[in-house]
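Dropping the structures in below, format is structure tokens.
Paired with chain B in one complex and with chain C in the other, chain A is shared by the two complexes that follow.
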Partner chain A sequence: MESRWGPLAQYDWSVMAPEFTILIVATLISVIDLLMPNHSNRRPLAWLGIVGSLLAGWFVLQNTGHGVVEILNGSYRVDAFGNVFKLIFLAGTIFTLLMSINYLNRGGVKEEEKVVDHGEFYYLTLTALLGSMIMSSSADAITLFVGLELLSISSYILVGTRKKHLLSNESAFKYVVSGSIASATVLYGISFLYGLTGTTNLFEMADRLGQAYMAGNALLIYIAFFLTFVGLSFKISSVPYHMWAPDVYQGAPTPITAFLSVVSKAAGFALIIRFFITAFRSVVDYNAANGPHSVLISELLLVVGILAAISMIVGNTLALRQTNIKRMMAYSSIAQAGYILVPFATLTSLIFEQTVFYLIAYLLMNMGAFAIIMIVTGDRETEDIRSFAGLYHRAPFLAIAMTFFLLSLAGIPISAGFFGKFYIFMSSLVMGNYWLAGIMIATSVVSYYYYFGIIRQMYMRPGETEAPLRVPAGIAVIVLIAFIGTVGVGIVPDSVLNFIHANFPLMDLIEAAGQ
Partner chain B sequence: MDSILLTLLTFSPLLGLILLIFIPRTQTGALKLIGVLSSVLPLILAFVVYGAFDLKQAGLQFVEKLEWFSIPAEQVQFPINYELGVDGLSMPLVVLTAIIGFFAAIAGTIFVDKRWKEFYILFTIMLTGMLGVFTSQNLFLFFIFFEMTLIPMFFVMGIWGFKDREKAAMKFLLYNGLGSAIMLIVFVAIFMSVWTLNFTEIKTAFTDPGSPFNTQGSPVFIGEGLRYGLFIALLVAFAIKMPIAPLHTWMIKAYTESPTPAVLISSGVLIKIGAYGLLRFNVGFFPEVAHQLAGLLAVLGVINIIYGCLLALVQNRLKLVLAYSSISHMGIILLGVAAMNEVGFQGAVFQMVSHGLIAALMFFIVSVIFERTSTDRLDDLGGIAKSMPFVSGIFLTAAMASAGLPGMSGFISEFTAFLGLFKEMPIIAAIGTLGIILTAVYLLRAVLNTTFGPTSDRWTVLADAQPLEVLPMVLVLGFIVLIGVYPSVLSEPLQATLQNIVPRIGG
Partner chain C sequence: MSGQFVAFFILSLLTIGGAVFMISLQKVVHQVVALAFSFLSIAGLYVMLEAEFVAVTQVLVYAGSISILMLFGIMLTRHDAHEDTGRGKFKFLAFIVVAAFFVLVFMGIQTMNIEGTPANFSQQNNVLEIGKLMFSQYVIPFEIMSVLLLVALVGAIILAKREADDK
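Now for the complex of A and B:
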């Protein structure tokens, strides 16, 4: 016994306190849900979930600043990079739960299409969150795949929670099928890496991949990279695996749409950055004509840059033609994924700070926007953009907040989104990627058209009704926090960036575990 | 210098904004009053600054500098400062902005018919943006203030405009958004070449013969190609703003569909930002390129003049006549810039101020007429001088000023602009002068068709100008005449600064 359990007992399990908290709360909710009478109100379960997430967030904060800790034989690492992403996931989940309390309460478009008030909505959100947290902390291909699948499978169910809603069913089915293909693609890509290196640990993989490259396996490494990237691009909904987004965003309950567009996407970015930078960093071509150079930087990421550019173009141009607000936001989120890929594609020295900054801005503006979308479309019982007509007269503060979220998404000062984009734009120019920066700006201008289309509805079109819109307290809180955040970060962007810089030494991503 | 005068001036309209937020929307009287007062404060402050402005000094005055935030770029942090200051080039435009702002605020009380609270809130943001554009001393701040004029204008056009307002607002937004995107790219490219955003430092870096950026063989040497590229890109960005044909279509739509205050601001100040940028950035940063491309600028200017005149000649709507007239007058600014000498630049700035005042006045008058007759079609109108003698009189006077009648600001501006160009490119200047004749023709056609001739029965009982309308008209006309008979008010602050720009060109 001693020899068998010895190493397990020696690990510093306390670093996994956030994950355990979520796991325990999710289990607790599912058990309580089981024991509760059928028709009782299940909203307190959501509050339990929120409290659990806050507690987990506190544990994450306790973990920060203690350097890198690896457990489970180096397959799970707690570092600043993972921690900052976990905070983003937790914040996103809290917003999602707050939204879903009011969503389940108010219901869907038609009576029979309402989500039945079930506890699974809440605990599946938490297991999806758990999957994201594992993704951001895994240093092993197996662990990261487990996290990826936990997130994916939970989201498949969540997307289909409106059981009698045709679109919801359709979108859940599409999501499962395309998600499974994506997972298989990732796995296939990883299998090449395993074949080349004989390990699933990313750090060991990194060392051996360099040797494998020198041994003449360049083609296999390229194949592995692209298969894995294409599969993972599903999670961040960027080209080439983006086509599921519009249907799924439209069919999913709005809080889940918000969750997919923020938490799931951020998890995808955490995984992409950690996986590729860790595993591919030492693939160096020593025989190149112009001296040794990193294959990742000089060849592989160029393709990522091109895909990012296509994402921006596709997302922003197709969004122009949408009349369903959630579909429009789906295309917008494809375009946003393109922007967020730019720091990775150009591999600036501030890639982590820029990505995290943009994701924070994106969290605020997107969550705020979806909260308002949920309220407005629920009230008008249609998801057409015209449901926003006359919103300014019905709920002026909601309209003003929405205006700022849209300005921020469009990248217009003074907003968090502007600085997020500005930093990315600047450093991609510093790295000499003029074409990528150019496409970024050009497509941003295109995006004005559809973002301002909503603004136009809110202020310039008469609505069918002038009745004041009732805003539930939970939604008001989300909108207020997101609004203050979006504008505040837009006025003092430095403080956020410095905060990230000072408290989260994100470069520890590739450091060996200390102490 | 520790003066915070410019900060006070730039942000003074926002004081009104804070008050407006607390006034209930039903109190229309109070809303209008605060709205107008929030434009009076900057007007007073602008004259205070103008009074304290040292005419002899060429450089920046009232400089303020604070650290705002920093851009991390690779290993270094580049501070982005909050920097304000005025020199002889921006001083007249600041005063112009304040005057037009006051004018537009009054126009708002007359021509805006709903939602005054929102209107004046947007107005104060816009006014701050416009003042900030002219007082900011670094590229980043300039861009922020520039955007601050853009977004509120979109709302004002889209909410309070006429029938086709939403399309006009969208067109305005997309054209100008594209322009500001191009501008942003150029600004960032400039920043990455010389690692500063401050106007003066950039100018020194680009033009000082001793600077490493101009020394061939230095690692940071900036070649001809990049300079040409930046110049052309900036030219396109400002061409949209000014606008230079063929990028002018947004403006035609905007002028016909926007509410009066928006047209006053747009024709009075916003399009001048394009011309200001042309002088400040294109000529200021890249004088050699500007010198070599002066021919291009001159040709564009002549095209603008002739094109604007010819189209103004055949329009049947007063607003369209004025819109095309604006294009034609913007051409004169281009000619002044193309001259690349002190006289020409002076003419360009004169024309900016002069056209700002005259265009705003004429649009105001057309709106006064439109409000009473519900039409601005030339074939509908006619003979309104009988019922509205005062308005008709001012209209004729303004038209004469616009056509360049001596004694008014239009004359002195066009005269100096052409004088400057005649020294350098006599043939193009000669073609351009055709425009002066055409201007007189189309303006007389428009004014005579409106005010004289047989009076239709419909127009016999129109009310003449009300006191609230008389006040701003007379005030603006006063400035037009003042500049016309005593141009020194404008030329003195300019001279020192322009001398500073011109010698470097070395003709």
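Now for the complex of A and C:
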């Protein structure tokens, strides 16, 4: 079809409406920020960002249910897998922006703890969101990498926005250095794949990688897989690339810590699942002694399972020793990354439902927990766990909500986190991975100790003050939504799982367009 | 032994040598010069692969602007070259890991077997083909790159600027 506007106009660009919305809103924010008087409050910009994210979410919903749409020779595809991840990112970003409004405008903050550039803070949050949305729905290594870098660079800057704060500077620097090394590792891995297949399109790569394997390039394919996986494990903060997490989580402004632990991590999972399942699914060993078998399932994912197990062990045991609440949450998030890797490592046909269910539960409980952490640590001016002492007497609802979030993170019935873990646990049992299931149970029990440490502080330790804790409206809304979500998903987990299954047929991840 | 092989050998030696010297040299200026050698030799490798446009871009961007920018940065900042000696204990471990990795990759490359015929670009106009691809199939990454550059610019400004009220 020839049109007056050239070949580019023949694509259905409306499928990119969510991305365009975020891009336009981000641009608007930076322009309006420029035109606003210097000392006026930047709060309206955040509301603009929230409205834009809601609008983008509406566009994503419009895109769902139409099967797979590909544009630009399949380098960008809109499918249920990408859509469900985009909804998670958008929800996480809305929570982050709500928290940021309160974080940036709270009173009584020491000079060096302040973030000066409010407008840029909101702008960079949206560009990070744009990067993760690009990551979740592209099927071309170049587009994936550019999205990954947009997310990474925006987050490096956001981590360092408290620029007079020594810890924040240190954490931003560590984040940049380790992030660049991780990106280089990913690129190195992808370059091997490109060399073997001569294409960056994941679907063409899948076909040719199978041939390349049979032609005797097994070793290089293994090397490429592990390099790429190691580099990408930086984004989900799992072993072997987890060492940055505690320092960065501690030094970053609390809303950004929440963003990193939810949106950035979910984006990492979206990329890992799409990339490896799409590109490696047809690497089949036909010459094996016991019949043809998939190399991805039988060999590569075993190592992923081992790394997931190490993540759980390292995260949960090191969290026991922490006294800083944000550091503790960092180790907890390393352990959670280990749990979420289990469905990928065991690879049943329910992998997408299980991963997405856990990520939704994780989004709700983590965002709620970080909102409360932000309020409490901001009020007590310390990030020590003891800042939670006597919270039950100061703000009963907050303490009860926090209890539920922590129980959910620990995976105790009846909560969203319990069922997330339960489904994952079942999948590893079904696949006969008893050792992985055993490690999951054992490390979960270990994790009770530090989660209950906070609960003990809230109910049983006398605080330094009994004064009621004032909760700003925005934070109250986040806590309420997260609370209702965590409890609600915990009460009707099957309906949520069925809803995901019915509305987001995630298997079209590997289907061609138009089916 | 063809002339191409000799050229490849020299260029790759310079590339790797530049990178190694970049790490082991002590003075910052020397490091940048070593890095510039590495960049230029990579440009030479691109020429050998018949990717002239990429080679010229490599010279312009890396060897030209980035090295010069680094030298400017060094000249405009104070840096007292002092040796740090405390990293000897991990040296052996690092050596083992790097050596093992080298052996693995070397074996992988030795056993590499790519089917099909090599591509022939000699008859095509490099710049034209790159332009066509960049503005059709790769238009999304191209546009996202502009957002990425803007983000980097904004980030550099807000992290480095001096506030109006703390002179």
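By definition in this document, the second predicted complex is superposed on the first by the 505 of 515 C-alpha atoms of A that agree within 3 Å, B and C clash if a C-alpha of one lies under 4 Å from a C-alpha of the other, contacts with A are read in each partner's own complex, and residues count from 1 in each chain.
Throughout what follows, a residue touches a chain if its C-beta (ideal position, glycine included) is under 8 Å from a C-beta of that chain, and two chains touch if they have at least 3 such contacts.
Remember, predicted model here, so these are calculated numbers, not experimental data.
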item: Dominant contact partner of chain A by residue count, chain C or chain B; value: C
item: Touched partner set for A:K163, first chain B, second chain C, both or neither; value: second
item: Touching partner for A:D494 - first (chain B), second (chain C), both, neither; value: first
item: Partner chain in contact with A:A442 - chain B first, chain C second, else both or neither; value: first
item: Partner chain(s) touched by A:I484 [first = chain B, second = chain C, both, neither]; value: neither
item: Which of chain B and chain C A:V51 touches, first, second, both or neither; value: neither
item: Touched partner set for A:A473, first chain B, second chain C, both or neither; value: neither
item: Which superposed partner A:S427 touches (first chain B, second chain C, both, neither); value: first
item: Doubly contacted chain A residues - partners chain C and chain B; value: none
item: Residues of chain C defined as touching chain A within the complex; value: 104-105, 107-109, 111-116, 119, 135-141, 144-145, 147-148, 150-152, 154-155, 158-159, 163-164
item: Residue numbers on chain A that touch chain C, as the complex places them; value: 7-8, 23, 26, 30, 38, 72-73, 75-76, 116-117, 120, 123-124, 127, 130-131, 134, 138, 140, 142-143, 146-147, 149-150, 153-154, 156-157, 160-161, 163, 192, 195-196, 198, 211-212, 215-217, 219-220, 223
item: For the chain B and chain A complex, residues of the former touching the latter; value: 68-75, 143-144, 147-148, 151, 154-155, 158-159, 165-166, 169-170, 173-174, 177-178, 181, 184-185, 188-189, 192
item: Residues of chain A that touch chain B when the two form their complex; value: 348-350, 353, 407, 412-414, 422-423, 425-427, 429-430, 437-438, 441-442, 444-445, 448-449, 452, 455-456, 459-460, 492-494, 497, 501
